[in-house]
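As structure tokens, here come the structures.
You will see chain A twice below: alongside chain B first, and alongside chain C after that.
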Partner chain A sequence: MQIRKMLALAALAVFGLTNSAGAADAVKIANVIELSGGGATVGTNWRDAVELAAKQINEKGGILGRQIEVTHYDTQSNPGISKAQVTKALDGEPYVILGPIYSSSTKVNMVEAQRAGVPQIVGSEAAEITKKGNPTLFRTSFGQDASMPKIANYIRDGVKAKSVAVIWVNNAFGKGGRDTVVKELEARGIKVAVDISTEVQQVDFAAEVAQAKNSGADLLFPYLHEEESARLLRELKKQGFDKPIVGETTITNAKVIQLAGDAANGVRAHVGLSPDAPSPLIKKMVQDFEAAYGRKPDHNGLKGYIAVHMVKAVTEKMGKFDQQNFAKTLHGMTITTKDEPGVLMDVTFDDKGDPDRESFLVEVVDGKEKITTVLPPLGR
Partner chain B sequence: MAEFVQLLVSGLATGAIYALAAMGFTLLWQTSQTINFAQGEFVMLPAFIMLSAIKLFGLPLYAAFGVSLLVSALLLGFGFKRLLVDPMIRHGVLPLVIATIALGIFLKEGVKLVYGAEALPFPEALPQGIWRFASVSVTVNDIGVLLLVFAMVLALQGFLSRTTTGRAMQAVAQNPDTARILGIDVPRMITYTFLVNAALVSVAALLITPVYLAKFDNGESIGLIAFIAAIVGGFNQIRGALVGGLLIGVIDNLSGAYISAAYREAFPLLLLIAVILFRPQGLLGRAEERRV
Partner chain C sequence: MTRWLLPAAVLAVLIALPHGLKSYGIYLLSLWAVYAMAAMGLNLTLGYAGQVSLAQAAFLGIGAYVSALLTVNGVSFWLALPLAGLVCFAVGILLGFPALRVQHHYLAFVTLGFNALVFLVLRNEEWLTGGTYGVEGIPRPSLLGLPTQSPIGFYYLSLGFLVVLSFALYALLRSPWGRAFAALRENPTRAESLGVDIRAYTLLAFAIGSGVGGLAGAFYAPLVEFIDPTPFDLGTSLALLLMVVVGGSGYFAGPFLGAALVMLLPEWLRFSESLYLLLYALLVMVLMATCPSGLLGLWAQARERLSRRRPPPPVLETRT
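Let's turn to the complex of A and B:
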């Protein structure tokens, strides 16, 4: 009996030690993301891809032998709540914070991560985000400063439009995109025929479409979130809008195409990341995502997947978990797919945390995003 | 001018759909003193019932709508009355109001749990196309919505004023005690009203969801607009709810286009304040006195 008790105690002790050692060894990643509210579509894609990447890395032994442990925090698509969630996440002493995607949220919560010195990798695209001199912040996709010049060139040279109707969502993301694209269009001698602001979560776009239709513009440039983009496209079709529609990334997002149905056909866009890109690595990631979740990821899924692999690449380059040197190492770093296939495309980060890589011009044909042109990196 | 007419027609069409939900508000209030703050969720739920019928049984949209009518009648009509209104109403209007708020949250979160937080596509209920008259163009869909809603309102008015059951329902709405003395089966008439409301919200769901897309939180804005429309038009008049809905649809469109998109949601509220201050019974409502 005595021996049995001792064995049981020993087993308990070993089990407890193993468990606590396991917990201590895990690399904590806090994922602060939009899981409800208007950004649920983008946030769900990001979250699922983060989970997928973490699972795949863990199956191959983790990062420098340590398993990744991801904790999700829902921003509810609300900037105030996102700030509270980053603060809460920091209490758990994460190695890195991932997310959010909504720029208005990143704008207010990145200060908390910066104050704590914790690297933050976001999916936000508003131009101003990386202009604030935050040394711990990195994007996974182009900012508007990088994407809008490419769009404006295409509108001038590809579509040859002389005037453009701009419809944008009135928040940090939309205002940043609107300001940047208007500046780029005007610099190329293209007139903004009508400049229409809309609200987040707006449902009825009849008034905006009527205005755009009657403006006489040669082309429509929409810059809204996913659900609003789909509602706008449906209304454009309903009202028989027959001018080209050219946008940036969101407008040809898989979810927008699913929600808008036929109304998305013919829409063109510049996309920094596309699940339909002609890359075997992206195709493999999309297949894995579909196998895991039964649906195709959108570009936000790609962003989330890349974010986790950025953490892996930087840490392996440092050879240790050095939070303080993380940002210093990533600034100016080029991550190739040869070294880290999970970044999906070769990418270089500048001293502000902005990535530079190839991008694509796409068109929606028969309900599918079709790559029409591959654009080279800016090489700034 | 062409743009104005286009905005007016599309505003009327959207407003007509809000009017359907607003009419449900007024009907329930008149017959059973029920203020249903889950009315927006009552419009949201049939859309998901239709989507389920399409996905699970491969039904075409209108057959799925038939299924939704039956399920809504059962759940949002009969079930709502028997399981929530009947036990709560004896405790007064306020507890019932709170219970309907709770029901709204329950329905919203329940749909979120089953269908997720993301919006889902919803098929167009009416044909698409453009009709052009000189420089003015209006969509076939908008005209279709207006015709359908007006046909429904006329049918409802006809039912209430020209049939024995309808007149009995009106009698219950005006004075339940007297109706009871006259031999009218008051509980049955009230149940009919709940069933009519279930039909109204199902039609509203069929028409509004292609615009809103199917999403668990659609009820928040629809419920608020329908409530404002009912008060603006007159909480005790069906035709008041119709006018209130149309007015709000038009104001929303015109203010968004000509004043400010940022404040478009505020204009119906300004109208509500003006009505409460200067004509508390609503634009077409009749003043009621109560002894306290």
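Let's turn to the complex of A and C:
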């Protein structure tokens, strides 16, 4: 009798344990991202890298023993739909929301996540996003406030240009970048020779290139999305533009280089994250990505990969899944690659949710992004 | 009396529906109510007066900005709402006066140009509209002391206004004005010979349709709580046109059905993951190829076939 009772208890305990481990369950991560529309290129990279990171973490036992379950929500690169999708994601009570990348979408939907108290890790770079005092928002890459001063320094000290032609895309991302870079350039006594606004998904850049050429500027600073960047570079080559082209991140993106072909050679840029960075961890991540998807990730892939590992690092530091304290823990936190190799580079988050880490100056040589200089963290 | 049964039943369903839904579902329903208002305005222009307008998103935008800028600066929503409608009505007259000298696809081009113009003004006049940074922190109104911060509260507010607007437009369409609008669409020459001032009535239909677009915009702003120029581009005008045509242009209930289909179909199709937009486009193409008069047109055809009667000749009457 005694033995039977004990057996029954043991069976119950085992059943109960496995049951709770099975249903307790995966950690829900909602990924609200651009999978169609103008941002499909960047969003797909991000999504695939998020999937890859989740798979790798799950294979090693998950976060604190719990598996990660990622659900993707397509924003169609449309701010209104992104708001609806974040609302939908929140209905599923996720632990963290990842994405979106397009700044105009983030601006619309970040309020929802904030209201629900769910941490959100975005790939957006518009300066204003982290200036709104949202306590639960973080980004994986530099905001324009961090990257543009580095560019402006390089334009002054590296290229020694006196006047710059700025071509930008007129949306939250482009306007934010344009306003920040113009401010930084003027503060360094560099003249903006011509200031040209373009449209999202613009196809023809003939007039803009002619305008930039005629302005007599020493240098061209383009700030557009990926596909438009490639079209601009092709037009610049066609019209024989012979001044240096120095941009920020997107202009030397792998997709841009692929689409622009020869026209991308010689283009220089400051990049926060690069799949070509001289780091064994990044090389390993790029290899794994290529093995899984048959193509090289761009910097958006790196951003997505880092985002998932940020969730892991913070949760492990807290020792439990504590949504309330997630943001509080991540503010001011330094994540080293020694503790969490998945963050790819040592990174520190400030109290506004902005990251600080090393960055790179790159140049496209023979259709490949080549790192020329490694810049130290700002250490703000 | 029986003809009110179906609308009453639909309304009862619409009132009960949000209780089974989470905030995402309620948000979609509120968005549906707002787009249905805008599509009703376009239905007046297109379905009743027969004018193809590609500027409805511009009016939605003007209404949204008027309402947003006023309420952000402390003006009551209940004052901003009629103002949004009036401003759009006035702009509709100003645009319609020269534009309605041309018709059909020429008018479509003129209104397309107007939509692009409004988009550029919203984006470039940063001092007024905030440019690409948009207007944020748009407050939600309260009604008789009841706040509408909660998704469900705002949904009932939008639904309530949609009902009021529907009654108003229904009354308009059954008035001599409404008869005159239908006469314009069916046979302008005959209408003119009967003493209907074609130009004045077309202009009136266009301006009222624009004003209704503005009222819809006044609800759009507090629903999303943030506006920038993107949702008011040509794509939205085309989507609104699609709502009217898919639902059944010239049928009173067309915009409700069309807005529901255009808004909800992509959501239902999301199970197909990366294929959902493709499927959506395909379904719309099949629908338009098989029933160019829209879903309600299909329904009317089916009823006629069932009663085995020859379709009656076009009559100068409001189709309900």
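Note that in this section the second predicted complex is superposed on the first by the 357 of 380 C-alpha atoms of A that agree within 3 Å, B and C clash if a C-alpha of one lies under 4 Å from a C-alpha of the other, contacts with A are read in each partner's own complex, and residues count from 1 in each chain.
Following the convention adopted for this analysis, a contact is a pair of C-beta atoms (placed from the backbone, for glycine too) under 8 Å apart; a residue touches a chain by one contact, two chains touch by 3 or more.
A quick note: this is a predicted structure, and the numbers were derived from the prediction, not measured.
> Considering only touches as defined above, state whether A:83 meets chain B (first), chain C (second), both or neither.
second
> So, does A:196 touch the first partner chain B, the second partner chain C, both, or neither?
In the superposed model, A:196 contacts chain B only, not chain C.
> Please indicate which partner A:230 is in contact with in the superposed arrangement: first for chain B, second for chain C, both, or neither.
After superposing on A, A:230 lies in contact with chain B but is clear of chain C.
> Would you check which partner chain A:36 touches, where first means chain B only, second means chain C only, and both and neither mean what they say?
In the superposed model, A:36 contacts both chain B and chain C.
> Figure out whether A:211 sits in contact with chain B (first) or chain C (second), or with both, or with neither.
first
> Output check: A:239 vs chain B and chain C. Expected answer is one of first, second, both, neither. What do you get?
It touches chain B, and chain C stays clear.
> Mind working out whether A:170 is in touch with chain B, chain C, both or neither, as first, second, both or neither?
both
> Kindly classify A:104 by the partners it touches after superposition: chain B alone (first), chain C alone (second), both, or neither?
Once the two structures are laid over each other on A, A:104 reaches chain C alone.
> Going by the touch definition up top, name the partner, chain B or chain C, that contacts more of chain A.
Larger number of chain A residues touched: B.
> Contact-wise, after the overlay, does A:374 reach chain B, chain C, both or neither (first, second, both, neither)?
Touch status of A:374: no partner.
> Of all the chain A residues, which ones make contact with chain B and with chain C?
35-36, 170
> Chain C touches which residues of chain A in the complex?
Touching chain C from chain A are residues 35-36, 74, 76, 78-80, 83-84, 87-88, 90-91, 104, 107-108, 111, 128, 170-172, 174-175.
> What residues on chain B touch chain A, complex-wise?
Its residues touching chain A are 2-3, 6-7, 10-11, 14, 112, 116-121, 128-130, 137, 139, 141, 210-213, 215, 218, 221, 252-254, 256-257, 261-262, 264-265.
> Over in the complex, which chain C residues touch chain A? Could you list them?
Touch list, chain C to chain A: 22-24, 27-28, 31, 123, 131-134, 136, 224-226, 228, 230-231, 270, 274, 276-277.
> Under the stated contact criterion, what part of chain A meets chain B in this complex?
Within the complex, chain A contacts chain B at residues 35-37, 40-41, 44, 170, 196-199, 202-204, 206-208, 210-211, 213-214, 227, 230-231, 234-235, 237-240, 255, 258-261.
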